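Working notes, beginning with the structure itself.
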Amino acid sequence: MTLLQIKNLNLSIGDTEILRDVSLTAEAGKIVAVIGESGSGKSMTAYCINQLLPRGAQVSGQVMFNGQDMLQISERELCGIRGQDIGMVFQEPMTALNPVQTIGAQVAETVLIHGAASKAEALKIARETLNRVGLPEAEFPLGRYPHELSGGQRQRVVIALAIALRPKLLIADEPTTALDVTTQAQILELLQKLVREDGMALLLISHDLGVVANVADNIAIMRRGEIVESGPVKQVFAEMNHEYTRALFAASNHVPERNAEAAEMPILKVSGLVRDYVLPRKTAFGVPPKLRAVNDVSFEVKRGESLGLVGESGCGKSTLTRAILGLDVVQSGLIEIDGQAVTAGHKVPRELRRKMQVVFQDPYGSFNPRHKVAKLVAEPFHLLDDAPKGTARRQAVEKTLIEVGMLTQDADKYIHEFSGGQRQRIAIARALIIKPELIILDEAVSALDVSIRAQILDLLAELSDRLGLSYLFISHDLSVVRAITDRVMVMKSGKIVETGETEAVFNTPKHHYTKALIDAAPVLENVR
Amino acid sequence: MIKAAFKMPGFTIGFILAMTFVLAALVSFFWTPFPTDIVDVPNKFQLPNRVNWLGTDHLGRDIFSMLMVGARTSIAVAVVAVGIGMGLGVPLGLAAAARKGSLLDEVIMRGNDLVFAFPALLIAILITAVFGPSAVNAIIAIGIFNIPVFARLSRGAALSLWTRDFVLSARVAGKGAVRISAEHILPNILNLLIVQGTIQFSLGILAEAALSYIGLGAQPPIPSWGRMLADSQTMASFAPHLALFPGAAIVLTVLGLNLMGDALRDLFDPKIRRGRE
Amino acid sequence: MLRYILKRLISLGLSLIAASVLIFVAIEIIPGDAAAYMLGINASPEAVAALREQIGLNQSDFTRYFDWATGMLRGDFGISYTYRVPVADMISNRLWVSLPLAMYALFLSTLIAFPIGIIAASKRGSVADWMVMGGTQLGVAIPNFWFAMLMVQLLAIKYQFFTAGGFPGWDNFWLGMKALTLPAFVLALPQASILARVMRSALLDTLTEDFMRTARAKGRTRRGALVHHALRNAMIPVLTIIGLQFSFLLAGAIIIEKIFFLPGLGSLILTAISQRDLIVVESVVMLLVFAVIVVTFVVDITYALVDPRLRRRV
Amino acid sequence: MKRIFLGASVLALTASMAMAQSTHINIGDQLEPPHLDPTAGAAGAIDNVVYANIYEGLTRFSADGDVIAGLAESWDISEDGLTYTFNLRSGVKYHDGSDMTASDVVYSLNRARAEDSTNAQKGLFAGIADVTAADDTTVVVTLTSENGGFLFNMAWGDAIILNEGDDVEALKSQPNGTGAFTFTNWVQGDSINLARNENYWGTPAILETVTIKYISDPTAAFAAMMAGDIDAFPTFPAPENLPQFDADPRFTVIIGSTEGETILATNNKMPPFDNPLVRKALSHAIDRSAIIDGAMFGYGTPIGSHFAPHNPAYIDLTGESNYDPELARALLAEAGYPDGFTTTLKLPPPTYARRGGEIIAAQLRAVGIETEVTNLEWGSWLEEVFRGYDFGLTIVSHTEPMDFGVYADPEYYFQYDSAEYQALMEELTAETDPDRRIALMQDAQRMMAADDVNVYLFQLAKTGVANKNIVGLWENSPTQATDLTAVYWSE
């Protein structure tokens, strides 16, 4: 039977229209997925259901849950339903929990609010629920605080407090986006298990087709506040009536054209690299312990080659990046750039630095909001002794902007006037302007919507062909790495566990960790 | 930006209030209704009237003129004190942030704690006890108290900026800590500094008044709101206007500045908090 | 947690030493010969010299600092140059006025600030909120000594609700409290205003946090979420301010004690300065600074109690 | 029957309440004494507590300034005026019970004039050659030279008779005298309590207990009086409030004279003040009445030299230095300062100095003399001005009685160095004939006025406020004292 039925839902906040005529149904024991890129209104749809909308939101239409219209009933009744009949899981496990309360208290709270049990029983229920979500008493007593848990574990706690009262409907808003692939797989598994066991309905909201493809029964694809196509997963993927669906699908496993062949001579050669961090003292006066973030790493990037580096958060990839970029001094090992060696304990000299540039993940954080694009893009000129001045400088900037598909007049705008994709193009322009030979792309496309990501990947491919650039492509997203790299390295806790031709590694992984990664990664093909 | 500020009633009101007194101070350099350095004892304790708009004090001086000149002192003291606080505090804070965890950082922060342990008035009392009371010493005292305020503020803000990617890419571009602090950090904490500046400014005016009130601030013949209060307090019972007007002047100026400060705070970033990081 | 406390304790000790040196050096530059002052206008030079010897003004600065500092550790603050009685006794008498006054004021300020801060935050944008914000703005802007003057004129002289000042001592507790009430209130008002504003903004900040949304999703009402989740998280900035305010209150007391002629540390230090009673000035300043540093220490500890994340942090 | 009984008890009750109220007094004073030993400190605040109340000397001042018998009930002076024989009262006991005998007097005087004496008024005892006790109640003092002012000197607070063998350090906080009041306790920074001395040798005090509260802040003082916390403020610090007290039926205002000659002291050795013309110009540039009205709100008598108007030997010389800015400017021009000059004006804490300073600065500015005003605490004032001679002008009130002698001391802070005057003073000290003394004192006044040593402003008025029911407070203060022995509540 249908548990939730949304009919012609319209939502606008202030005078901006968020949702237009959205209709959606969810059935007990079934998983319905809502897919869409950022700003498509998928999350707002969810918040309309349990009425947790921001101030100044006007809703119209109908949200029939369990026989009553959520838009009509009072706030008091809503409070009775939230947590009791509708549970919710959020995207950011790091901030979704109250930092000053124990996990036990926070799970038990759900029970207590609804007066479902006495304090003692509530704690008992909390315990059981935590066990259910895979946080056994042994390692995770009720007295633990959120900051003592990893992201995945916190997400489990969030799930636990959402399902403590075995709600009829569970809303999961991008529950795995902030997590590593392996953890993501586990969480998805957990959610499926819970649906099976409790026979509850799960509304799964995500931007990643791959994620939902394998778990959802029904799917609804949203764009600009409208549902463009919906139905059973298999059917939707088979038919793809709406062109946006096709575009989305295409973008999700887009492989750019690449025909640059790698030369033998390596542009970057790293051998036996070691980077230690000094941790705070354990005892007041003892010797502070060390953390070996990068442990005896050796590899090389050939000219014109695109080398991938995959690994989950905390595996040491960013530390490695910083070391290569010469931001940190390494403890031992050798970095050779274009044949010239930089020994451990020394900073990378300017003349070598200018051979490398970097593009960061966050298109929003990586520009100084107070500078104009012209100034931002020109910043690397600082590395040149004979940097062009005045009009020459300006021309260089405009030239590079055009190269990355921007307009010359964009040079006079501030960064906040651009979209995420455009910013990433500008970031690439900044990297290109001093004509480096190696560009390090640190999760450069991870924060972008799939369609935008596809465009950026094309741009990168095209640039490397034309300018014979080499890339060190760092990412946690295997599909992307697979699409853009010739060779790939897999990194785990500071070590390179496997290296090889990208296709070879993906088809016949040797190291068990590599296997695990690849298995965990959601893949679209097997839906067909 | 400025347009947006004036859209906020708080800012507009505050601006008008504060500016009135700043203006009065500036005008007083060229013109006051009556000279304030001439005493006219027979004409003392005039109630507000057409000639002396706010009446005259116990020495027959025109209170309105005294207020104008007094504004000069109060504002000058506060401004310079804030200047000292910013001029020394911000560089210290930025340096500490740039070298986070280093000895320098440690020294600067401990130094801050130390100064913070001395209530502003106590610093003032010590300094004036040593060098004798004067407006200059009041400025120094309030200034010293301002240093750690700005040091902490700028360090806290700078630290969060240093983790941002645009600073990282500046480093990739081979820029040094000093240059980054100047080019990337400072412009981005300017808002905070402006807001804190207005707040310290108003605190400065209050502090100056308090110091002058206990005789550790501006000395005669320089008029100062605080001293006008001190001089007139014994007469408050039979000539209340002597104490009322200077007091009102202080309240309105401080109120104006705080209103501006809060408005700017909301304008720049609703999440800024006052006090220690 | 223990290491956290230990670390704080060490830095506390260091600050104290640094402060004591700072104070001693500062005070020792004060112009004016204590002995000469004590003997007055027509005193003969020999007499002055004799007295200098008597009160040990002739020893080297270092020995004098050392004696002073070590003395304080034993609770011996030396002998007042002017009053010729142990400074410790004088201070302890005054302490029983100043400390209660500061505490009383702190109590009043929190008592006033918390409720109105919470109301303003929970009813954001409402009339109540506007009134609170306006009122507190005014409270911050009014110089407390001026406010004190008005209060005395009104409540003590005109209506005689309170005595104009003075302190009858603690023999009768209620009389003592009555004498401190008006000063404490005057002291508390601006601090209460500041605290209320901080309380409000801190609460508003936490209201935007993700976990507040989680709480609502659990079925908490707006008010419920505010009380059970926002409040404790908002305490950190509030505690900081309370800690700061203590030092402001101690300092403010110096003026307020003058106005209400309370025999407290404030009036003591002012007279001591005018009488060149250096050793008293030193000791009082040191004591006030000590109080501030200790309070900061306590605040740091309470942070850890409020916020578990700090317990492990080093 | 019953009713009557009831009425009686009520009567008794009210009576006792009245008693309780009428035997205690709260006295207000501005400055708290550093300690309570008048022989080891100059602070007038000490005398305000102990003089006549706790300690007594051989002679003492009466309310109107005459020197009358104290612990010595009579005395004989030898022909040559060099030997004084004091006959002490018998049966006088110190508060600790021990008897006051001649040996105490010998001890006290010898201690005061000893080498290592820290007595602030050592000069008073300078002329003493020898002190001996003829018997238990007779003391013989011999002088090196004739001194007409000796009995006067012996009346000073600094000449009181201590108990031989008392620990003088202890006396600082626990005085032990022969007076009509005994010391009870001292709450530092707040108040001192006295109680009636039940076995006093003379007429016992009427009040049973006395509390002297210290309120330095004038506003606070006003508030305390108005709020009824203080019964009497013998020298009220804020003259501007007196009219209000006068208008208020609850209070009486007591206006009397003091020994405080308030002067604009001039550094006679520092140019340009070493030039008599400049000093004359100063004296004509100042408008006394404006200062008395502005700073003292009318309380105070103009003086033309360093001499108290209520003294029989006084002559009014204010005409010599009448207010005449024109003349002042002319004199300055003549002295070579046509467009004036700049000097320092250093002001000690009292209101007369601070407020007077503002007015004087303005008046001097009017004749072209710019002044840099600095407010000093007493301590730094003594350092910079009194000992350091580092000042151009300063305002201070000289409260010691008959202290024009200091003008004979070229080292004294205003450094007036005139051989004539010094000779005159020696003559005066030697002279014992009253009429001759008066003549000499008048010469002294003329000399001080003629030389314009300082600008003589006004005689500080004693402005006291008291509850209208209090009787017996001194009207004038011939010396620093708050004599409470004869004070009582009229109802």
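Labels A, B, C and D are assigned to the chains in the order they are written; within every chain, residues are numbered from 1.
By our rule, contacts are C-beta pairs under 8 Å (C-beta built on N, C-alpha and C of every residue); 3 or more make two chains touch, one makes a residue touch a chain.
Bear in mind the structure is a predicted one, so any value in this text is a computation, not a measurement.
Of all chains, the one whose CA centroid is most distant from that of chain D is A.
Annotation: B-C is the more contact-rich of the chain pairs A-C and B-C, by number of C-beta pairs in contact.
Chain centres here are Cα averages; for chain A and chain C they lie 50 Å apart.
With centres taken as mean Cα positions, chain C sits 22 Å from chain B.
Once the centre of each chain is set as its mean CA position, chain A and chain D turn out to be 88 Å apart. Rounded to whole angstrom, the centroid-to-centroid distance between chain C and chain D, based on C-alpha atoms, equals 40 Å. Shared interface positions of chain C, defined as residues touching 2 or more other chains, are 31, 149, 157, 258, 273.
Shown for chain B are the residues that touch two or more other chains, namely 132, 233, 236-237. Multi-chain contact residues of chain A, defined as those touching 2 or more other chains: none present.
Listed by chain label, the pairs that touch are A-B, A-C, B-C, B-D, C-D. Only residues 325, 327, 350, 353-354, 356-358, 360-362, 365-370, 379-383, 427, 430 of chain A touch chain B when the two sit together in their complex. By the touch rule above, chain D contacts chain B in their complex via residues 218-219, 222, 226, 238, 240-241, 243-244, 290, 293-294, 354-355, 357-359, 361-363, 365-366, 373-376, 380.
Against chain C, the residues of chain A that register as touching in their complex are 50, 52, 75-76, 79-84, 86-88, 90, 92, 95-101, 109-110, 113-114, 145, 147, 158, 161-162, 280-281, 283-284.
The touching residues of chain B, counted against chain D in their complex, run 37-39, 41-42, 44, 58-60, 132-133, 215, 219-221, 231, 233-238. On the side of chain C, the complex with chain A involves touching residues 3, 6-7, 209-211, 213-221, 224, 228-229, 232-233, 306-309, 314.
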